[in-house]
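Note that subunit A is present in both complexes that follow, paired respectively with subunit B and with subunit C.
Moving on to the complex of A and B:
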């Protein structure tokens, strides 16, 4: 009914090749984009700068990691460090007077360079061993940043982001920061949607399934493994500088520690490896479930006059959050994106039960 | 897993449930709203619960006595788990609900909130956390540590060592064992400057965070044959450091920590073994001060206590009461200046920055907050563990403030240059 899939078949190759071949999907995407564009005028400031802004930023980062883990199958436990390199690189450049547009790209390039160097480990290692190598990268980068006061910014180890402009617009207040994050997220999403239709994306998929099989098929594993690290680290670096400029506004080493890496990893696993939609769902769950559960419990305690000890009150939402994550993964190990896909499949031919393949 | 009709309906219902979250609307009484998002679950854990318990008990005491200056205190408490998105959400929520003060009790969170608090004119309390240079009120009008920062604490400890050595530290060796994070390295500039000034030799030994294994460091400390040892960390690192210091036979009466040492730590180390160790006391510990006695009688006695009674009067509990008395005194001063409000950040800011010679009936050293000095005068005292409690061995004193303020100004100037 919604998708009007029954009986309608594409008659031209162009129609079938579109990013979203079904009209309903296109409409839905446009509606979501319109709502996001109008969000600062529709919703309270709390929801724009407290929820939507971090959601867009963390989603962009998760998409970058998903390219590496979901598309090319290389494990990375140091993505937080990759973002940190981009953030520090671009903030230092901005402080030296370089325009933000260039500094963001330069931060991305710096991340890409260093990320690819460590990614070189992937040429010899796989799976859990690669995980250890990238974990080492996390700790090396943490160490270097916090031990060179030139990078970390003196004895207080806090680097203030000076007032910046993007394309001539000063990044102050909610509107410009939100729209910049939206723009970056939009471009990265568009890129990710298209990657799987390119030879690069197909090479990554071949690499993921079996790297020596890919080599036999004529795909240079050397080239594509490094390229996967390069692209993913570049995205990480750009998002790192976006995070610093629009959200953190003052960076310190502890913001890019292993916790951030694990958080982003959790987002793509819960959301769905190798999916574009997954990181959007995963980020929302990982970032906001603790907050929403906390507020729900607080509201419930307030309404019903429960007097819980503060420790229990703080830990209960975390237990519920853990249960939620495990529950979703038990229900659908392929992630939230797959749950959505099931839901969509169900509606594709609704009210009929089975889709004709 | 395929989707059938039943799970489809159940799933839709589950998705719709959180959307029905009620938006609370509060009646317009004369209230002052404080937002206290703190870390109960990740790093500071028990420190936060004791600190927060003290704050809430004091607010209960004040409210039961009819409030302050005609205003009641409302404190919203949430857990931010030291996680920036959660803390920033809590900050934005507090701002929307009209909070005029926020106390995150976390260095990373405070750092990220500094630009926002300055922009939104919301008073942020950064007691024993956040940026040390926030003591400079001219650069950080809305960031108020209201307590002695780490540089002052280091200055006080050195002064105490100097007194022990009858006025001269020339040729002495002081070892500084610290967690290898920006927080742990923070006192180093002060210690280095003082080393030049006082003529002692400084040796720094960093241990890797979080510090639950320091067994490689402490034998080196022993071999260095220090005259004095300062250990600098928080949470689990503190008890491990003390245990190792005891195991390596260092004379405990020549070992000192910062403000982050409490009775709970001593229970872990062993109350008897840790005898003699020193710490910096920013306010009176124990149950003797009048405020704590009042809380025991009027709050705990009436069953309105916010937590377990045996925590009342412990070090971190009293820190919480200390900060709460300062916040309430700020409200009182603000209400004196403008009794009818409106209650805004700048309104409270005026009050907080005109606190003069406030001691909360003997709980704190005389504290004066001015528009330039947000540290409150830099007074503290040194206390020694006697096996059962911390006993003060000095009166309230202040030391080496010239060196401390040089460092404060150096950093706040740097902030002013790029922050604006």
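Moving on to the complex of A and C:
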């Protein structure tokens, strides 16, 4: 990772405003995208559908929540419910024969509507009260989904996703599902990268720093808070339907419980609030740290002849989430993205100090 | 719907609500002194239950000694938590402190069942289990006693606020900077508030653990405690009592009246609905103070 900044000579304003001003960054991004595109042919099937696919999906969800929590500074403890609404909405539409492309958008719109209703109800309050309202939303939505058999799908309370086609390609096997998830994640990432350069993104940042100061500057806090809830819930709904169609294949209410909300919250805190790169790191750590830890413990138990109680290993993910969240909040509140940026800045000071600012 | 059933549900609800209120007391104490919402309160109650169980069963301490010992240990735990984690968060945005307490909640919920085993632990503190008949009403004797103990403890905390240290804590709650300037050690008051919150959570954890057994589900008391704290107004201890009774009765009636209609499970959603309705109609709760934000 050698950041050669030397030799950047901008002659036009457009050059300086581009997303990745460093040539090395551009190269790195293209390389990562190429590796991800070629992944189904490079890596084992298990790694693609068991690790890369959930990583892309959960990262998209974390990006959506990061828009709300990182950019506009509103707390949301019920993002799992938002995703659940999108998933159930779109799966029901697909079962009724609506094409998947429309069903995903419709699921997003449904999530956005309901999410904005709950968020809008809480706009008179902030901080703690907003946290409580969104937590209550999670429980109410869970209850409604699991207690109306029309939504949850009868006595077994699982809803099968029928075979679907996306843009004419049947979503069967690993390749189409992986590329669909990749496409959605790519679009959301691109949106998040660009949103901070728009007036909307700047208004959200102003809102986060001090809401009444933003109001004095002429930013309608009410409007932009609602918009932040709307956009974030829309992304949540679309990702929820993506999750249902490509990964879960059969949805049941308990997949969208508070655990999912906490998992995504942990991802953006570990990754870094208000960063686009952060959720990618955070999702990787939160999804894979328990697996790696479990394997390590299993290996250690095998080598040293220890026998770990099964309960301990079953509760390892929760302990890991909690410890990671506490550790990052105490020692690096801006998360892995900040650690990455620090490392990068270090390299720019030494050994590449010829680099120009 | 006959009146006997309603009266029975409400009476039991009152005492269950008082037991919920004991968990909520800690949230209010902490919010009053430091302005932080403690989302770990349910998990601390669970920890208290586990510690008492471990002392009584694993160490073999008699139960009348195990409970005070657990209260002391958990007081220390609360102090430690404030000192290690929460104090570093002073001056950070409120979102950070909320997330930190949530992180503690997640970790405790994994740590204790992981270490002690996930099976339900029986915690026998000598509460009689057989029901009590008052006239035609069938009352649950253990919740009756548990609720009365909770009521006593909450009233005790009201008296505590009139003691010398209680006055100090009220001063800190009122204005931290002003109390600093007259020589009150604000950090110590906040630390003691965390300790006392852990103590009240432990008492609740022991009472609940003796009625339903100790396992991770004790941490679900959090949502009920939050509903009570919000309805009561987040910074009022009499509010906790009143709101606790309201939430308990509402939940009990919902279980009896709504469950046959919607097919069970309405118990869990009552607290969430109460939170939403309170925030919509009267965000500062029944007894809460209005905070004026000055620019």
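Note that in this section the second predicted complex is superposed on the first by the 310 of 357 C-alpha atoms of A that agree within 3 Å, B and C clash if a C-alpha of one lies under 4 Å from a C-alpha of the other, contacts with A are read in each partner's own complex, and residues count from 1 in each chain.
Simple rule for what comes next: a contact is a pair of C-beta atoms (placed from the backbone, for glycine too) under 8 Å apart; a residue touches a chain by one contact, two chains touch by 3 or more.
Bear in mind that the values here come from a model prediction, so they are computed numbers and not experimental data.
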Touched partner set for A:140, first subunit B, second subunit C, both or neither: second
First (subunit B), second (subunit C), both or neither touched by A:35: neither
Partner chain in contact with A:262 - subunit B first, subunit C second, else both or neither: second
Contacts of A:187 with subunit B and subunit C, given as first, second, both or neither: neither
Touched partner set for A:102, first subunit B, second subunit C, both or neither: neither
Contacts of A:169 with subunit B and subunit C, given as first, second, both or neither: neither
Subunit B versus subunit C as contact partner of A:325, first or second or both or neither: second
Contacts of A:314 with subunit B and subunit C, given as first, second, both or neither: both
Residues of subunit A contacting subunit B in one complex and subunit C in the other: 146, 309, 311, 314-315, 317-318
Parts of subunit A lying in touch with subunit B, wherever the complex brings them together: 44-46, 49-51, 54, 58, 95, 146, 152, 154-158, 160, 162-163, 247-250, 252-255, 259, 287, 290-292, 294-296, 298-299, 302-303, 309-311, 313-315, 317-318, 331-332, 339, 342-343, 345-346
Contacting residues of subunit A [partner subunit C, same complex]: 69, 73, 75, 77, 118, 121-122, 124-125, 127-129, 131-133, 135-140, 142-143, 146-147, 212-213, 216, 262, 265-266, 269, 273, 309, 311-312, 314-323, 325-326, 329-330, 333
Interface residues, subunit C side, partner subunit A - complex: 31, 37, 39, 85, 88-89, 92-96, 98-100, 102-111, 113-115, 117-118, 223, 226, 230, 234, 262-263, 265-266, 268-269, 271-273, 275-276, 279-280, 283, 293, 295
Interface residues, subunit B side, partner subunit A - complex: 1-3, 8, 11, 18, 21-22, 24, 40-41, 49, 52-53, 77-79, 81, 83-86, 88-90, 92-93, 95-96, 108, 111-112, 114-116, 131-133, 180-182, 185-186, 188-189, 306-307, 407, 411, 414-415, 418-420
